[in-house]
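To keep things clear, I will list the structure first and then write my remarks on it.
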C-alpha cells in the first residue's frame, strides 16, 4: 500500500530537470564525437569546473557551519577568506623572503610594488616551510580575528535575531575589508611563483599536473571530509547542532554554549582562513576583493546544498562551478553565470530546502 | 536546597512574579499549581536566570544564584524539562538523550537503556529526528533527556501534557521513584489532582503571587482551592 | 474569594504592568532623541508619525546647512544641496517603502531589489530612448508610455520571480531573489541583448554601454511648467506662477526644474506612503503579518496566502521599478553598474536604520541614510582636506617607520590620504553600533497594529465595565494614563460594546449573523 | 589642426576660435575656481588618485612659482559610482565651481554630464573617459583630453593586421563598456582590413579563473589573442594563460594593461605580449613629467598628463573669459587651445596664465598631446605608443603619430 | 492495493448528502508514510453532525497526522477525504478551512509578533478589507472600518470567554503555555467553522477553565457545530463525547460510544493501560 508510484509535481519537475541535464550531457558527447568540441577544450572546462567548484565549496563549508550553528548569514565571511589569505601569505613572505628583500614590502605583500614573488622565488618546492607556516598562520590569524569580532560584536547581540546579526555582519564586512585596504592597499598582486608541474600519464587529456592546484584540491577534499567526521561523530558536533536548534534548551541541558560558539568560530574561521590561503595558492593572485567577489557564489553554494550540510556545500559549489564553466560549450562567456544561477533556481523548485536540506550530513 | 525568597522577576520591562516565596528541601516533592498565566513556568525559568531579575533572592544548595547569567547558574545537579520547545528538533532521538548527559565524558549506557526501557518507542525510533516525532513522543524525549543524569533537583514543567493515560500514571510513578531515590522534585502540573495527591507540599500561584501553600492533601481537601483551581 | 475576584485581580495586575511598561518606554532612550514619543498616546497615530518624519527632515536639513556653511557654501549652494539630499532621500524612501512591504510586513526576504529597479529603469529607457542619433537606439516613444511600461514590466518580472519562489522559505527565498537580480543585471550587461532588431526597428539594452534616454529631470518638470512641455512655447498656468516667483528670487531655471522634479518624486512618495499605511492598517495588512509570522497557521485559518504573497510581491516590485525609473531619470542614462547588489544593501541599511515593519521608519531611515550616511562623509573629508597639508607616504610601513624617528606626520598623512577608505571602515562601525544598541531602528520597536481602527487603544468591553463598576478597587495606579487616553480617543469601541445586553454568553449572539456570510464570496 | 571646417565655437559663427571675446581677469579680484572629480576609491581608485594629483598640479605649480593668480581647487571623490559622482558634481556646482576635471569611468562621466554639466551649463573635461559614447554628448560642455576607444581599436587592428601580419585573431575582453566597445571596434576594423575573427569571448571581472574562457577563445587556434582587461583581472588572466596555453602565442593588450610591473606580478617575462596605449606625446610631455616627479616623487602614470592638460586648459579659459561661469569657459575652451597665439604649456604655464588673464591670444600645447578639441569636445588627433613586453620590461617600440580616424 | 482508487462519485456519498447528511466528515482508507514510518494506515471513520467525537490513541498513533491529512497540511499517499459530501483530498489548507473545516495545532502556532487581538481578528472569514483595493481605496474603506468594529466586538467577547482579554494587546509570543492553547482555540472558533478539529486543546489548560470551555463546546454543538477532539485526558473524552474513535499504530482500532470503548479489551490493552 505504501508503495504507490505516484509522483508529486516537484518530483516530476526534478525528473524533468535531470532529463534536461541528461540531454546536455548527451549533446556534449555528440559534439565530442562529431568534433564540434575538442577533447582538450572539453576536459579543460570540466577540470576547471571541478576546481572552481572546490574553491567555492571549500570557502563555503565554513560559512555553512557558522550559518547553521550561530544562526545567521555571515556576510563578512568573504572578508574572512580574504583575511586568511592576507595574513597567511604575509607570514609566508616574511619567512620565505627573509634576507631577500626589504621588510617593508614583504610585510605589506608588495603594497609598494617594489618586489615580487619571483624575486622571493616563492613556490611549494622552493619554500615548503614558508608555505606550510603560512597555512598555519592563516588559520590561526583568521581564528583570532573571528574571535575578536565575536567578542566585540556578535557576543553583544547573542539574543538578537538572524537579521540584526546579518546586518551587523555587513558592517563587519565593510570594516574588515577596508582595514585590509588601509594596510595593504588596493592593488592586485601576484603572490606566488607560477606553479611547478608534474609530468605524468595518469589522466588522458593532460600530461602534466599543476602542483599548486593539486595541493589545493587534495587539501580541500581532506579538510572537508575531516570536518564532516568531526561534526558527525563527535559530541562537540552534536552539541553544535543542538545549539543551532535551541540555544536556551542547550543552555539548561548543560551544554556550555559559549564554549560551543567558541569552538564553532575556531573551526569555522580556521577552515575559512585556510580556504583563503589555499585559494590564493591555486589562483596565485590576491586582491582585497578576493573574498567579497566569491561571496555570492559561496552563498549560492551553501544554500543550494542546504544550510548546515557539509556535503551540501561541496555539492552546491561543484554545481555552480561546473555550470559556470561547462555552459561555455553552448553559450557565450557573459551568460554562463546567468545559466548557473538559473540552474540553481530551477533546483530550488523541486528541492525548496536545498539539495541536502533536511538530510543532516553534519 | 532551593530557596526562593521574595523573588520579583519578569520579561524585559514586564514584571510577572511578585514577591514569590518557595522552598524545596532535599528529597522533597513539591508541586506548583495555578491558573494559566499565573507565572508557574516563569518561576522555573527564573531559577535558571532565563528571566529578567528584579529583586529578591534565589538560593540553590546555599549558593546565591539570583541575578546571575544562565551560563553561571547551570550546574549538572539540576535537571529541567521546560513546557514548550523542549527537544532539539533536528537532532535524532538518541542524540537528544545523549545531550542530557553532555557533561559526562561518556554516554551512560545504563541510564540510556533505562530511558529506552521506560519509553520503548524511543528505542525503536532512536535515529528519527526528534522534531518529526509526535507530540507525546517529544514529551517522552524531553523527560528522558532530563533523566539521563540523576540530578539533585528535577524541575518538571507540565510533564504529563500530551502523554497517553498509561504513560501519565507511569510518569508519575517514575517521578515518585526518582524522588524516593533522593532527588528533590519541583513540578508544575495542570493535572493537579494527581499531582497534589502524590506530592509532599504544594503551592498555588495566582497572578504572579503566592496564594496558598500547604500539604498536597490539605490543598486537595480545601474546598475553595478545589473549586477555583482544580476544576471542582 | 470567588473566582471573579481572582479574575479582577489578574486584570488590574496586567494594567499596572502595561502602565509601567509604557512608562519605561517613554522614559527610555527613544524619548531622548525623539521627544514626540512622550505624548504618543494622546495624538492620532498619523500625526505622531508625521511628526517623526518632519522632525527627521528638519534635523537633516539643519545638519546639511551647518556643514554647508562650514565648507563655505552660499545660500544658493545650500539650496542646491538640500534639493539633492531631498531627491536622494525621496528616491530611497520609495524603494525602502516597497522593501518594507515585502520584508517588514510580509517577511519576504527580497535581496534582489536592485534587479527590479533595473527592470523598471530599462523598461522605460528602451521604450523612450531616441531611435536615432545615439549608440543605443530605442523606440522613441513618449514618456507617458515609457514610465507606466517600466512599472508594469517590473511588476511582471516580480510575478515571474515569485511564482517559483512561493514555496521557498526565508534564506532560500533571499538567495533566489538575489540570483534573479544578478541574472537580470548580467543579462542586461551581456552582448546578447545589446542590440537587436524587433519588427524592423533597432533597439537593445546597449550591454555595458548602457542607454541614453530623455532626461526625466528636465522632461517631466517641463511638462509641468511649459505649454506642451516645450520651453519655447512659454510657460503654462502653473509654470507662470512658479517661474515668476523664482525669477524674482533669481533662481536659475535648471534649479527650478530640478526642484519640480524632486517635488514630483516627493509627491509620489507621499502617495505610496499613504497607500502602504492604509494597506498595513487593514485586514489585508493583517494577512501580511500573519504570513510573516507563520504561513501555515495563517493558511489554516482559511487564508489564501499564496495569492496574497503574489499580490504583495508584484506590487512591491512595481514600486521598486517606479523608484528605479525616477532614480535613473535624473541621469538620463542607465547602465548595468547602477544595479550592483551593493545597492540592495544600501536600501536594506536604510530600512533597518528606520526600523523594519514600520512605514514611518522606512521614510525616516531613508532620510537618515541619504542625508547623513551618504552625503555626510564627503563634507567631513572636504573640511579636513581644506585645513591640513601633510606628506603622503606610499604605504603604512613608511609612516610607521617615520614614527620611529618621532615624526608622526607621515603616518597622519597616510591616514588622511586613506580617508576615503577609512570612511568605509567608519560606515561599517556605525552599522555595527546601530545593530548592537538600536537593533529595532531609530524609532525603536514600533507596534503598528494591522487594523483600520486604532487597535492598541481599543479596550475590552469588560474592562470598561469593571472600570465603571469598581474604579476604586483598582486604585490609582492601575487606571493608567493610556486607558483614559484611549477612552477619549476611540469613541466607539467601548460604547458600542457596552450596549450589549449584559449577556455573559458572547457566542450566543448569533455567530452566523455577526460575521460576514460565508456563502457570499467577497472578492 | 585648427581646421576651419571642424571647429565651431559655441553659439558663434566665427571661424577662428581666437576671435572669441576675451575680457581677461584681474588676479587680485577673484580666485579661479576649478573642481576635480576623480575616483579616489572604488574600482578605479588606484587609477584615479594620481590623475587627481596631476589635475591639481597646475594650481599647485602656480602657487609654488609665485603666480598672482590663485586657483581654488576642490577635489571630490566619485567613488567610481554614478550616484556618488552625480552628488559630488552637484556639490561642486553648489559651491559655485564653473568647471571641473572629470570624471574617469564612462559610466560615471555620462550620468554626470547628462544630469549635471549639460543642464547646469558647467564645463567638464575628462582626462580618462575613453568610451565612444561620450562623443555623442554635448560638445560645448563635455570635453575630454583622453582619446576615444573608437580610435584605439582601429589602431590595434591596423598594427596587428598590417604591420605584424596576423590574419586571424580572437578577442577576449572584459564584459563592460570599455571591453565591449574596444572589442567591437577592433573586430570591425580587423575584419574590414581582411582579417578573420575566430572568437569573441567576454569575461566578468575578478573571477576565480579564466582558464575556461581562454580555452573557449583559443579553441580555433588564432594567430593572435586580443585581450582587453585591467590588472585587477589581467594578472589572474595571464597567470592562467601561461599555466595552460601556448607561451609563444602573440597577445595584444590595450592601454588598461600597459603597466610596468605586470610581468613581475604575472611571474612571466611576457615576451609574447604587445600592446597599444594613448601616448603622452604632447610637445611638453617631459616638462610635465619633471613637474610631476618633483611634486609627488614618482613618475606620472596613465592619463596623468591628460589630467594636467584638462585642468590647465580650464584654468586658462577661465582666466581669459574673465568669469567663474560655465558658459564663458565653454566659449574659451577652443580659443585657448587652437586659436593661435603664444604657445603655452607646463613649462611656461605661469606665463601663459598671465597672458590669458590679460585676454591675449594663447595656444595651449599639452603634455598629453597638442590638445585641440573637435566639435564634439574630443581630441582632434592623438598618438599611440606601441609597447612590447620583453624580459619583464615594458618598452615602447613604436609610435603612431597624430592618428586620425 | 486497489483501494487507492476510489470512484469519485461514490454512490454512497451522494445518497448520504441527499439524505440531509448527518456525517459531514468522512475519511476513507487514509494512508501516509514518512520515510519508512507508517504514520496512518488505511484509517476509515466518519464524524456525525452536531456531535462531539473523540479521537484517542497512544502517542504516535497517527492522530495529529490524520488531522494534517484532513486539513491539507500533508497530502495522503492514498485514501479519500470527504467533507459535506465533497472530495477535499489534497486541497490546500486554506481551501479546506474556507469550507468550514478548521483545526487547531497540538504544538501551538501563535503569530508571535502580532498582538493577541490581531491574532483573533485575522481569523474571521471573508473580511471585506482582505481585498487589497478595498483596504486602500478611499471610497470603500468605510465599509471595511464598519466591519472591523463588528469583528472587534466578537473578538473581545471570545477573548473574555477564554479569560485572556487582559492580554489583548500583548504580543502572542509572550503568552504562557496554557494561554497559547486558549488563543489557538479561540482563534479557531472565530473562523466560524462548521467542523472543528481540536488537537489536544486542553493539554496545559487549568482544570477550572477547562470545565468552562467544555460547557461552551456543548453549547456550540447544540447549535450545529461539530467537533472532533484529540485528547489524552480520559475524563474529558468519556464525559463529553458521544462517540470515540480509537487509533492504534495508524489504523482505527475501535469506534463507538464511550462506554463500549472503555470496555473494549483491545483498547484497554493498547491505550488505557491499567487505568480503567
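The chains carry the letters A, B, C, D and E, assigned in the order they are written, with residues numbered from 1 in each.
What we mean here is this: contacts are C-beta pairs under 8 Å (C-beta built on N, C-alpha and C of every residue); 3 or more make two chains touch, one makes a residue touch a chain.
Nothing here was measured: the structure is a model prediction, and the numbers come from that model.
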| item | value |
| --- | --- |
| Intersection of contact partners for chain B and chain C | A, E |
| Shared interface partners, meaning chains that touch chain A and chain D | C |
| Pair of chains with maximal C-beta contact number | C-E |
| Per-chain CA centroid nearest to the all-protein CA mean | C |
| Longest centre-to-centre distance from chain C, chain (CA-based) | B |
| Centroid distance [mean C-alpha coordinates] between chain B and chain A, Å | 45 |
| Distance between the centres, which are taken as Cα means, of chain E and chain A, whole angstrom | 48 |
| Where chain C and chain D are represented by their mean Cα positions, the distance between them in whole Å | 40 |
| Touching two or more other chains - residue numbers and ranges from chain D | 45, 175, 202, 204 |
| Where chain E touches two or more other chains, by residue | 163, 167, 208 |
| Per-residue overlap in chain B, given as positions that touch at least 2 other chains | 14, 35, 37, 227-228 |
| Complex interface listing, chain E residues touching chain B | 34, 37, 57-61, 63-65, 106-107, 163-164, 167, 174-182, 199-200, 203-211, 232-234, 271-275 |
| Complex contacts: residues of chain D adjacent to chain C | 40-41, 45, 74-77, 79, 81-83, 86-88, 90-91, 93-96, 107, 110-111, 114-115, 119-121, 131-133, 136, 175-181, 202, 204 |
| Footprint of chain C on chain A - complex, ascending | 73, 103-105, 107-108, 111-112, 153, 156-157, 160, 163-165, 167-168, 170-179, 181-183, 185-186, 296, 299-300, 303-304, 307, 332, 334-335, 337-338, 341-342, 344-345, 348-349, 352-354 |
| Partner chain E, residues of chain B touching it in the complex | 11, 14, 34-42, 83-84, 121, 125, 128, 132-137, 139-140, 157-158, 161-170, 190, 192-193, 227-232 |
| Contacting residues of chain C [partner chain D, same complex] | 68, 71-74, 76-78, 80-81, 84, 88, 133-135, 186, 189-191, 194, 207-210, 212, 215, 217-218, 254, 257-258, 330-333, 335, 337-338, 374-375, 378, 381-382, 385, 420-421, 423-424 |
